[in-house]
Amino acid sequence: MTANTAIRNAFERARHEHRAALIPYITAGYPSLDHLEPLVQALEAGGADLIEIGVPFSDPLADGPILQQAATEALAAGVKVQQILDRVAALRVSVPLVFLTYVNPIYRRGIERFIEDSHRSGIQGLIVPDWPWVEMREAAKVSKRHRVAMIPFVAPTSTDAHLHNIRSAEGFVYTVSVTGVTGARTHLDQGVGGLVARIREQVKIPIAVGFGISTPEQARETGKVADGVIVGSALVKVIRDHPDNPIEAAQAFVGSFRNALETK
Amino acid sequence: MTANTAIRNAFERARHEHRAALIPYITAGYPSLDHLEPLVQALEAGGADLIEIGVPFSDPLADGPILQQAATEALAAGVKVQQILDRVAALRVSVPLVFLTYVNPIYRRGIERFIEDSHRSGIQGLIVPDWPWVEMREAAKVSKRHRVAMIPFVAPTSTDAHLHNIRSAEGFVYTVSVTGVTGARTHLDQGVGGLVARIREQVKIPIAVGFGISTPEQARETGKVADGVIVGSALVKVIRDHPDNPIEAAQAFVGSFRNALETK
Amino acid sequence: MAMMKSVPDIHGRFGRFGGQYVPETLMPALDELTRAYREAKVDRAFHHEWMGLLKEYVGRPTALRQAFRMSEQLGFPVYLKREDLNHTGAHKINNTMGQVLLAKRMGKHRIIAETGAGQHGVATATAAALFGLHAEIYMGEEDVKRQALNVYRMKLLGAEVHAVHSGTRTLKDATNEAIRDWVTNVRDTFYVIGSVVGPHPYPMMVRDFQSIIGREARRQFRHLTGGLPSHIVAPVGGGSNSMGIFYAFRNDPVSLVGIEAAGDGVETGRHAATITMAEPGILHGSLSYLLQDEDGQIQPAHSISAGLDYPGVGPEHAYLHDVGRARYESITDRQALAAFHRLAEWEGIIPALESAHAVAWVIQERDALSRQGAKVLINLSGRGDKDVDAVATYEEGIARDDG
Amino acid sequence: MAMMKSVPDIHGRFGRFGGQYVPETLMPALDELTRAYREAKVDRAFHHEWMGLLKEYVGRPTALRQAFRMSEQLGFPVYLKREDLNHTGAHKINNTMGQVLLAKRMGKHRIIAETGAGQHGVATATAAALFGLHAEIYMGEEDVKRQALNVYRMKLLGAEVHAVHSGTRTLKDATNEAIRDWVTNVRDTFYVIGSVVGPHPYPMMVRDFQSIIGREARRQFRHLTGGLPSHIVAPVGGGSNSMGIFYAFRNDPVSLVGIEAAGDGVETGRHAATITMAEPGILHGSLSYLLQDEDGQIQPAHSISAGLDYPGVGPEHAYLHDVGRARYESITDRQALAAFHRLAEWEGIIPALESAHAVAWVIQERDALSRQGAKVLINLSGRGDKDVDAVATYEEGIARDDG
């Protein structure tokens, strides 16, 4: 199965159920590395269609305070990239996994080696907020070879030229719903429907929307226009706010999103 | 009797006794204005030939710390020029009196008026450290008219031209023994003998030496070359250091200088 | 000497360094900026206005003169290019006048900037005030403390100062926060970057604005001595003052020496000697050298000088190092501090601690430079008024430790 | 307009003002200085060296430019002569470079100076360092506190700073103490006076050294506008920056306006508005106007600005007032403070509090000046970095009192 297929299947399954795919995000190493496996399983049990695992970076410049804090704590506890790869490789999970990280940890390990290692650990795609499509020339070939999808971003500011460029992309389009960094928001940019429509004209892979989706209600609204809904900061905040039972809380939280997506 | 005569007589009397004249200095209003009369009498009783009365000025830039402090305290207590004039006018004393002050109190009152008022109070001369001879053109005429001697200064740095200029002066020459401000010094400039000799070549009035004479021994040495010896800071320090009996202390201190001058 | 190739290429690459590593949200803004800058660059009216401001407002050209007592002490002639004489006290304003003028031209009303020592923040606030634009400045909490004078100056100039509490609370984190602001407010906001760092076109644009230093210095030096210096020495934080003076001399037979901060000593790991370590990486929008661990996590920099306390460096410096056109050396806090005092006593000039690093290297290398018959030109990038408090505090600390 | 008579005369008199009121010990030194200065003044080599230092070390000519946003706010064109751009941050260094050069020429190895704001102290320490001479600076204890940055700068430059505890512990007392030092060490010591005050030849000599400001400004203003300003406005402490800019315009049809410090308000008695009071008197070597009581005791001056906090003024200003060639106005602490903020926000220039007094007067008179179609040139005598701390403290105080 190529990367493409695993991710595509996840979206197709959701589409068959007439709903958007649910894509929760967690930071590896937060609250601890030992939480990774039970958390991933809880997300799957709660109804995730695809899971984003954040590889913490010291300077996460696309992240708001909640995700910054999670990364900072994970790094302070000594979490290493190799440990994350090892833990991910050992996961028993049937939904596809993608990494979210920043370009320097990838560059530092060696682009090819990072992609190869990710692939070996069962990772299907890479989301790298500070690695724009035009800078990925080198990575593109390697990722194709290793069947790891390089997930393209689209922002409200994106040009038609960019939409044109990412037509060759695999996996899904990560659509940033607002100009800004990650973090829970009380209301979303009105224009996300229009943006999704603009993308659809050019790009054939599924379109997921993220950044700032924090309530099941918002997820339901977003799910009406997009193929997938990404929940990051809001989930990590729930984990943070439930130090005694993060696993249960995460599962319940994701479950409430899945319910919302199933309700029309 | 002209000013000239009173001061000249004082020096002549001393010369007849084969000694230098003794010229103590006190600050009017220090420790209080009421001390002025008993202090003057004590100085006379102790053997003063001529008495310098300081009219305190806020910015006594030729004075060292002791005299600055005395002036500051007198002014802080509210001493006024008119009060000093009144008190001086009421003094019963047979040795001549001269004022030592700075040019601004004189200028402010009006040069003519200050000299006239001083004369009326029985003052025979004015010593004004920041009023050099060449700036005294206006004062010269007035002082002649009122028979108040404008006492010229000579310093170790003085030029021959200056010595030439002050040949017309009356009273005595105030010879500054060192470059510097007033204040007790442990040893004096070696060159004072030479300086006095230089002055004598040009100037016919008596030559008194001041600044830094603080012990009877220094006075005796200075008295060997000069016609008069001025004691300022050292005396004011004695007054300051004897708050309970300043009058007696001053008299005894001046007496010890008079003794030294009489010993050959 | 071979002519240096013209860099960057159209992708913003200096050899393998540079590029544009920012969130997609910002990519259109970078394109817009690149276009606007290219147009402005060839627009005589823009050039004229900028040069007019430099002359009539900033006080350029800055002086260049031999430091006679220093020369006498060291045994070879040393010259100082006096960027400390610029309005606001450092070279930073050459660049902010250019960028803010460009912001005005582009119709942006809101200005943001990161700052370390506070010099760039002050220079940005100054330019913004001059044009009536609103400025917000990000500054690490640590730097807010150690450069208090500059914080108050920014506020006086009408700028908002945001203390950044994340990460190491210094320039690196202030930069992260400024980028986050830009991502959020990209439509109406112009991000004024303070050094030859960041995504293309910043390293090129800042270099161009700062290269006024070298153009003046080259003309002045030739006028004064009839020739060229043998060495040009400049401190390297992000690298803008050094690039600014190096650039005009790139095709001359002149040694270009960049001085990094060795902090407590490169061997202690507490330093900011990025090029000395020469480990490539990507931060704040471009590929260059970085202080980082084996996972690519950025390592905190350490320097007594807030303006050098940065774990990255401009990509063009990485390139100059890579191709061997410039050399990079480092100087410890203590050496810089000693040089800070020496220059004040010798020449009556209190240098910025950043600039003191360049002075210190020349003192350290006196024997070698003397043997070579060197004629050294130091770029005195800024004045030390901002550092006087910090130096006093630091020296009390040393006195206690040693005592 | 009648040509102004050339002053001072050979007795150092500006009309009835001026003169030499110092202890006899110093009179020969004043003669020596007068001779040495007269010789130096006509010596091309001296002039050349001094001008070279101003250009290559101090950073002259300083900029002159219209303050566009201020002009727009006020409704008439306002121009700024930027003495704040000089090395060390104020006009004071024009004079100290001249005097220290003269000291060197006269073979004096020891330099003393008084200082109020600390600018003259820093400028003297700077010049002394540059020539390797030993400098000792007298500064009132009060000023040591409120201008702490400058105290540290002087020390860094290798000068000894003596805090003066007598009298009001400000500039007046520092000057007394400097004169006492000079009387004591007159043979090997050069006393560098910081303003157009003191005994002849100082008021003339300092004026001459500072008149570079007006010569430049006149040329620059004509070049920029084709004409002359209608008003020149400058702060007056001792009067050196104002005399420096007025002098070149004395025979032009230009209003010369000197601004004194009204402190809490002239009516409160807590001020430094010497010429406004216009009471003649003698202090620190010359006859001029003084703050004094009926006995001629000097009264303490009061101003938020340490550089204006002096109960005297240069004799040539008294003369210009007397003959009606210049007018003198005063500005309170609060007005100066408001202008300090305005200029920072409008023009990106933080002025010295001294200079802020001139800015404040122009703001206050906006209606009258606007009606006259004025073209105002302000002498921005120094930068405000030295005042930033004091302003912050003062404003906290106001906020408490008002709150």
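Order of writing sets the labels: A, B, C and D. Residues in every chain begin at 1.
Everything below uses one rule, namely that a residue touches a chain if its C-beta (ideal position, glycine included) is under 8 Å from a C-beta of that chain, and two chains touch if they have at least 3 such contacts.
Here the structure is a predicted model, which is why all the values come from computation and not from measurement.
*Asks:* Among all chains, whose Cα centre is located farthest from the one for chain C?
*Replies:* Max centre-to-centre separation from chain C belongs to B.
*Asks:* Suppose each chain is reduced to the average of its Cα coordinates; what separation in Å results between chain A and chain D?
*Replies:* 67
*Asks:* Just the number, please: Cα centre separation of chain A and chain B in whole Å.
*Replies:* 97
*Asks:* On a C-alpha centroid basis, what's the spacing between chain A and chain C, in Å?
*Replies:* Each chain reduced to its C-alpha mean, chain A and chain C end up 37 Å apart.
*Asks:* Counting only residues that touch at least 2 other chains, which ones in chain D make the list?
*Replies:* Residue numbers touching two or more other chains: none in chain D.
*Asks:* Provide the list of chain B residues touching at least two other chains, using ranges where the numbers run on.
*Replies:* Residue numbers touching two or more other chains: none in chain B.
*Asks:* Please categorise the chain-chain contact pattern as a line, ring, star, complete graph or other.
*Replies:* Contact pattern: an open line, chains touching in sequence.
*Asks:* Which pairs of chains touch each other in this structure?
*Replies:* A-C, B-D, C-D
*Asks:* In the complex formed with chain D, which residues of chain C make contact?
*Replies:* Those residues of chain C that touch chain D are 55-59, 62-65, 69, 82, 84-85, 87, 89, 125-130, 132, 149, 152-153, 156-158, 340-341, 344-350, 384-385, 388-389, 392.
*Asks:* Mind pulling up the chain D residues that touch chain B in the complex?
*Replies:* Residues of chain D touching chain B: 11, 19-29, 31, 166-167, 172-173, 176, 179-180, 183-187, 280-285, 287, 290, 292, 294-298.
*Asks:* Taking the touch rule as given, give the residues of chain A at its contact with chain C in the complex, in rising order.
*Replies:* By the definition above, chain A touches chain C via 57-62, 64-65, 68, 72, 75, 80-81, 103-109, 129-135, 152-159, 162, 176, 179-181.
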